[in-house]
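Multiple structures are listed underneath, in structure tokens.
Heads up, the next two complexes both have chain A, just with different partners, chain B and then chain C.
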Partner chain A sequence: MGKNNFKIMLTNMRAKLQAKQASKSISKRVESIRIQTELLRTLVAVVIAFAVALIIILCVSKQPMEAFKYLVIGPLMKPRYFNQVLVQMVPLALTGLALAIMLKAGQFNLATEGSFILGGVLAAFFAIKVALPMGIHPILAIIFGIIGGAFICVVPAILKLSFGISEMVVSLMMNYIALRIGNTIIRGALLDESAGILTTEQFHETAQMHTIPVGELEIQVALIIMVIVVVGFYVYLSKTRSGYALQLSGLNGKFLAFSGIGASGLILASQIMGGAVAGGAGAMYTLSNLERYDLVNTFPNKGFDGMIVTILARNNPLLVPIAAFFLAYVREGAEIMSRHTDVSVEIMSIIQGVIIIFVAGQALFSKMQNKRIIKEVANG
Partner chain B sequence: MDDFFNIIFSNEFLVSILRLSTPILFAALGALISNKAGVVNIGLEGIMLFAALFGVLGCSWTGNLFAGGLIGVLIGAFVSALLAFSTLYLKSDTILTGVVINLVGAGGTIFFLEVFTGDKNVSTSIVSEVFPTLEIEAIKDVPFIGGLLSGHNVLTWVAIALAILLWFVVNKTHFGIKLKAVGENPVAASSLGIPVKNYRFIAIVLSGVLASVGGIFLSMGYVSFFASNMTAGRGFIALAAEAMAMGNPLFTLLSSLLFGFMSALAIAFGSSGFMAIFNEIFEMMPYVATIVALIVYAVIAKQKNKMKEVKNGKSLGKGIQNDVRRRPSGIRRR
Partner chain C sequence: MDNVLQLVGIGRVYGNGIVANRDINIEVRRGEIHAIVGENGAGKSTLMEIIYGMEKPDSGQMFVYGKEVNFSSSMDAIKMNIGMVHQHFMLVNSLTVGENLILNTPKNTIINKRKIAQLTQELCEKYGFNLDGNAVVKNLSVGNQQQLEILKALYRGAQILILDEPTAVLTPQETEKLFEQLKNLKEKGHTILFISHKLNEIVGISDRISILRQGTIVDTFETSTVDVSQLSNLIVGREFSEKIEKPEIERGDVVLRVDGLSYANSPVKKLLDDVSFTVSKGEIVGLCGVEGNGQRELIQAITGAIKNYSGTIELCGASVKGISRKKLRERGVAHVPEDRIAEGLSKDSSIADNLISTLYINGKFIKHKFFLDRKTIKEFSDEQIAKYEIKANDSNDIVGMLSGGNMQKVVVAREFEDDPVFAVIDQPTRGVDIGASKIIRDKIVELRCNGCAVLLNSADLSELLNISDRVLVFYSGKIVADFENLTEIDEETLGRYMLGLDDMFRDEKDGQE
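Up next is the complex of A and B:
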């Protein structure tokens, strides 16, 4: 109730101020207050999460201070460690971006996990079964992965549009279907009988994605592709007509229909794009970091990790790499800590959980934000 | 191949179907009760993992089976209360928070396992008890009936009883009907003075409790230890079972049994070596079957509505009817 009253008040005030022709600057200032609140919330979340981590470390560790030091500044201690942050960041950013695109169209499509898996398996298939020259081999393998990823994510959208079935339930099913299709492909065609565990044969040398040495760092080609993809999607969403319509379809599909733009095509397109990005992420992850693809029976959670990134980045494509970098940094810090001290790496999942609960909580600081906005508007 | 048929025509196979169905049924009933209140609880998987771990830990701390189970369920309830608090009071998105609960469950249980026992991945260094199985000597060896009635875990019978109880609670009690009102139309429910948030909170915690019992069945019935990621997607399969049953507890029992049957078949294919690739196919079947079932329901609902329209001679207001029809009652988002 309070919120509605407030909204009415705000619109009244806006109307008055419009007469004074000052509305533009007001809305800008209101927007900046919103951004400040979001920043504050993120900061508080991070501080609380690390405080929780410190308390846990104090409880379980015999060398707590050293452990905490590794957790916080570990990745900065050696170029090799920092490099690892960048390596971890690529799949996080891409799956986060994939999810952000699909959420922009108002679809709760959680099939990025499946897309990531199937993309990886199909790339592995291509890397093992086909012999091609150096430059073309990975490109074709990635395209293969992209097609697989897009297929997984588009099924929920098709069923939603043609039968009205909840895309979220179907997308969860698609994750498992993708996992099992992947396993069937591996078992059926790629298995290395001589290896002790269930894993594929080794990829062809030509299929592997290489790194570019920059100073002391080894930049993955995948990282460069990621940056291009992120910038591309930012430009598409904010500077093109169809990107704008896509955002509108998520905010208010009916309005879009009234203005004469069909939403279904946009929804389909956005799910294909999201699935393609997640599938490509899986393919690139496989080709840059692995030499064989292991058979798994549970999710590697690489696609679901994208959800944490999306929440941290508030669905904003430009913030996705920053959020992914932060998350990769925390994970690498936890890994270095577990290698040097007696605290295990899984503490990072608790840190993530605490951060997300506070960042995703829209209600936190909302009172303070509203007060500030009212003040700002009243002062006009 | 003979091996394979020996396996699937034995009483043990029947028992294994029920054993595989039990955790799915518990979690599916959990999914059902939160869905009734209009909240999709995706965090079931993580909640089950937490309960499974702390059930085993509690049992080794107290030395008592039931105390251990209780500790597991309480921790599961606590995690689901966190989910409820976060979505209802901090207004975070239910689905995203649920996924995060799963991620925290996957990593956090490994962390706590190592903190409390020093083990990584499997709790081998602590001793925990298991819930007993009920053998009925008289009919144990009778084909089919023996497998149907004897040799099941206590918790399996509890799960079946709960499915029936839940049907009664949802359809015949004040609480259940208010719960459905909250799920179907929160605004109308709140205008009648039903505290929507409270009902949703209770529903989420109850769903966590039910999933937790499924979790402790895994670590204290199915096997006698905790292993990392031992739920292996049963929280998700439970969502599928609930969706397939369209929110009816008794149908949920049937769909859980169907999924248990498919898992048992997959294991039989895997262990007999007879066309091992079918292992993967049958593991996939529950999910495919759910999608197919959802499509069939949607088509049937469409046909029914069309028939009604023709009967009543209605053609006006079609747009509104379309909107209403688009939301089958079992699957509701948020």
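Up next is the complex of A and C:
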């Protein structure tokens, strides 16, 4: 009886869904087929990536099932682990968003790594050298970091607009410049001579960014700011006149010029915005998670990881946090696995790589998608 | 008669979800001229590209000489004796005719100039063409370049020849010559697939006609069973008249004055040579000429894309030299560009977003200074969609998913809606189907009747003669004819001026020198 009812309910639901589907215009239906295919492609990519990871774990580990369990559900096992996922997610989402903003204007600006570094170092500088009351101190430190980040990302745009130099090359070089500027600042002004390693003095207590306890979780203020920035940028793109023009400049710059709108201002503005977000991300990461800033000679990769997020999110600002969460989750899972078992954390890079390959592979399922579209159009 | 080519259930969807072809069934017989007609965006070009192996179908089967084929590139199609002449020629401009002929043909590994010339000679004689094997391609006329393309395909053994809008760039005389050659080839047993928008040509030369509508073939029939007006009804799918209503109106003040305009991009060749004319309020001035005789440069100079010209261009008495596109628009200049996809549209944006790009700057559709007023934008877009009969579900549809004709209607709607003082309209109906062409032409005439000065450049001579008030013919950068009374001239006469055989002002010019 109950089973029958369930069946009827299911049939009803399906009929309703189909009716709803049919009432939509063809272009909307085609669009939804495309979105479904994208979802399927992402899902399959994730499944394959984990399958590959499992195979490798089976080969290298003495406790493969244990390791795989930690990898997949590790972050859910303790609130502390899940907190760590959220902590990692914030910089990923922000650098991903920064890249998305710049890509929207058609610029392949890869200087987010540099912006992230310089933003962090400048925030550290402010947190050590300036004494301010709580509340204002981190805000000003972040603003300082934002300015530094914006500077790094706007240089490639300026060079491109004035001399036609490829922004990709310049932006990659800017990352090194940012790294070295950062190190110079640390060595020259912030180094703690008494510490055994190359690191800065401790930040003022007042500069720390705090967390808000929610149940067993600790929500960082930075996370809340990240959500606001994402929503703000979405509104900017879809609702404002400047966002409208910015999108056009990325979609068809010639058309923008033809319509009588200057593109240079928009390109500059978008690179400043992107750099500002990446710089702010670096500053907030520093103030939320560190007490000292260690001198590093290699890239921390927080900015480059933003690229993975942007690709996963298909350059859609609203999907950026989801992609960032996913990536942070996988990383934390790998981290927990490596702590508890004999499998090393690098397995995460394999998973990431496989997912990117499949997500970027537009041809996957395209034939199936096209057949569905043909059928849909033939029917309607 | 046997089928040389058969397509069963062919479908093709582009990556962005546009359905170009669906369930196409067509049979092409040996030795026929088979015309493929349809509105723009109906999928003709995609279909031809599938046959020529440039596009892979997503569904269906294709048979050549009764054998199922699965082309992975056009090399496979060439091996099966299929040849194609593209709308935009695929020639190496810096090489000679003969060198282009033998390019990438496995028969010739060692190049010998004398042999190549001889080969060209033989081929020309065989097929009744007239080309010099040693001439460099960039010096050939458009008509001759096309002949070379056909000859190239034939040399590679083409039995089935696909021609994509071959007459779009030809003068009437060249078209006639082409048709003679096509008939000649038909007699030799070649099969020709022919795409065109010009209905009288189709009726004149084809044996059978297939009509494409919305990506699929709706009908195939013998040409002898229809006339031009029936054919146009069949293509559009409803009763249809191409006639344009054009009331006589008084010409007003001069809006555009071009005086002594010259421009050269190299010291040798003058692309514009002392061009002077005016366009007045309520007047449509047509520009006529074979492509590459200065019309494009003239339009570029007027719209600011070329700045280093000599002479003057004045709009309402003030020079436009060096002013920005934005200023030009503020002064009431509308522009329908030649390449609508590259310049006139953002094809990944919605119809609404495309309709407001030139209008929102001056404060329309804005609320609270920074935000777009989506509600009025939607109302405005829906209004334009109705007014210009843009076939779309709603204003959120992505422009790239519309057909070529409907894309052009979006451009025209945007450009004409801002009460322009002066409109530059470049190839408004090139590659646009007859239904959309009619609407666009009607709107151009309406614009003129509302007092706008219109400069119209078009390769379609009957369009020029039908809607212009005056026609200027360009030949090698000069105006060689200025026709005020258009009822007295026909396309043949225009053709003679376009080819440079006649020049109204020759005596004058000789006198000056």
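Assume the second predicted complex is superposed on the first by the 356 of 380 C-alpha atoms of A that agree within 3 Å, B and C clash if a C-alpha of one lies under 4 Å from a C-alpha of the other, contacts with A are read in each partner's own complex, and residues count from 1 in each chain.
Rule of thumb we're sticking to: a contact is a pair of C-beta atoms (placed from the backbone, for glycine too) under 8 Å apart; a residue touches a chain by one contact, two chains touch by 3 or more.
Only a predicted model underlies this, so the values are computations on that prediction, with no experimental measurement involved.
A.B. asks: Going by the contact rule set out at the top, does A:Ile350 touch chain B (first), chain C (second), both, or neither?
C.D. replies: A:Ile350 sits against chain B, while chain C stays out of touch.
A.B. asks: Is A:Leu364 touching the first partner chain B, the second partner chain C, both, or neither of them?
C.D. replies: In the superposition, A:Leu364 touches chain B alone.
A.B. asks: Look at the residues of chain A and decide whether chain B or chain C touches more of them.
C.D. replies: Residues of chain A touched, chain B against chain C: more for B.
A.B. asks: Touch test for A:Arg241: chain B only (first), chain C only (second), both, or neither?
C.D. replies: After superposing on A, A:Arg241 lies in contact with chain C but is clear of chain B.
A.B. asks: Now for A:Val30: first (chain B), second (chain C), both, or neither, which partner does it touch?
C.D. replies: After superposition on chain A, A:Val30 lies in contact with chain C alone.
A.B. asks: Does the superposition put A:Val170 against chain B (first), chain C (second), both, or neither?
C.D. replies: After superposition on chain A, A:Val170 lies in contact with chain B alone.
A.B. asks: Applying the touch criterion given at the start, work out whether A:Val296 contacts chain B, chain C, both or neither, answering first, second, both or neither.
C.D. replies: Touch status of A:Val296: no partner.
A.B. asks: So, A:Leu39: does it touch chain B (first), chain C (second), both, or neither?
C.D. replies: neither
A.B. asks: Output check: A:Ile212 vs chain B and chain C. Expected answer is one of first, second, both, neither. What do you get?
C.D. replies: neither
A.B. asks: Can A:Ile55 be said to touch chain B (first), chain C (second), both, or neither?
C.D. replies: Neither partner.
A.B. asks: Jot down the residues of chain A that show up as touching in both complexes, chain B in one and chain C in the other.
C.D. replies: 362
A.B. asks: Please name which positions on chain C make contact with chain A in the complex.
C.D. replies: 11-13, 15, 17, 19, 22-23, 58-59, 215, 324-326, 328-330, 335, 337, 342-349, 353, 357-358, 360-361, 366, 370-372, 374, 392-394, 397-398, 401
A.B. asks: Once bound in the complex, which stretches of chain A touch chain B?
C.D. replies: 60, 108, 110, 159, 163-166, 168-170, 172-177, 180-181, 183-184, 187-188, 297-299, 301, 304-305, 307-308, 310-311, 344, 346-350, 352-353, 356-358, 360-364
A.B. asks: Quick check on the complex: what are the chain B residues that touch chain A?
C.D. replies: Residues of chain B touching chain A: 40, 42, 82, 86, 89-93, 95-97, 99-104, 106-108, 110-111, 114-115, 120, 229, 232-233, 236-237, 239-240, 243, 276-277, 280-281, 283-284, 287-288, 290-291, 294-295, 298-299, 302, 325-328, 331-333.
A.B. asks: Show which residues of chain A lie in contact with chain C when the two form their complex.
C.D. replies: These residues of chain A touch chain C: 25-28, 30-31, 33-34, 239-242, 244, 247-248, 251-252, 254-262, 362, 366-367, 369-371, 373-374, 377-378.
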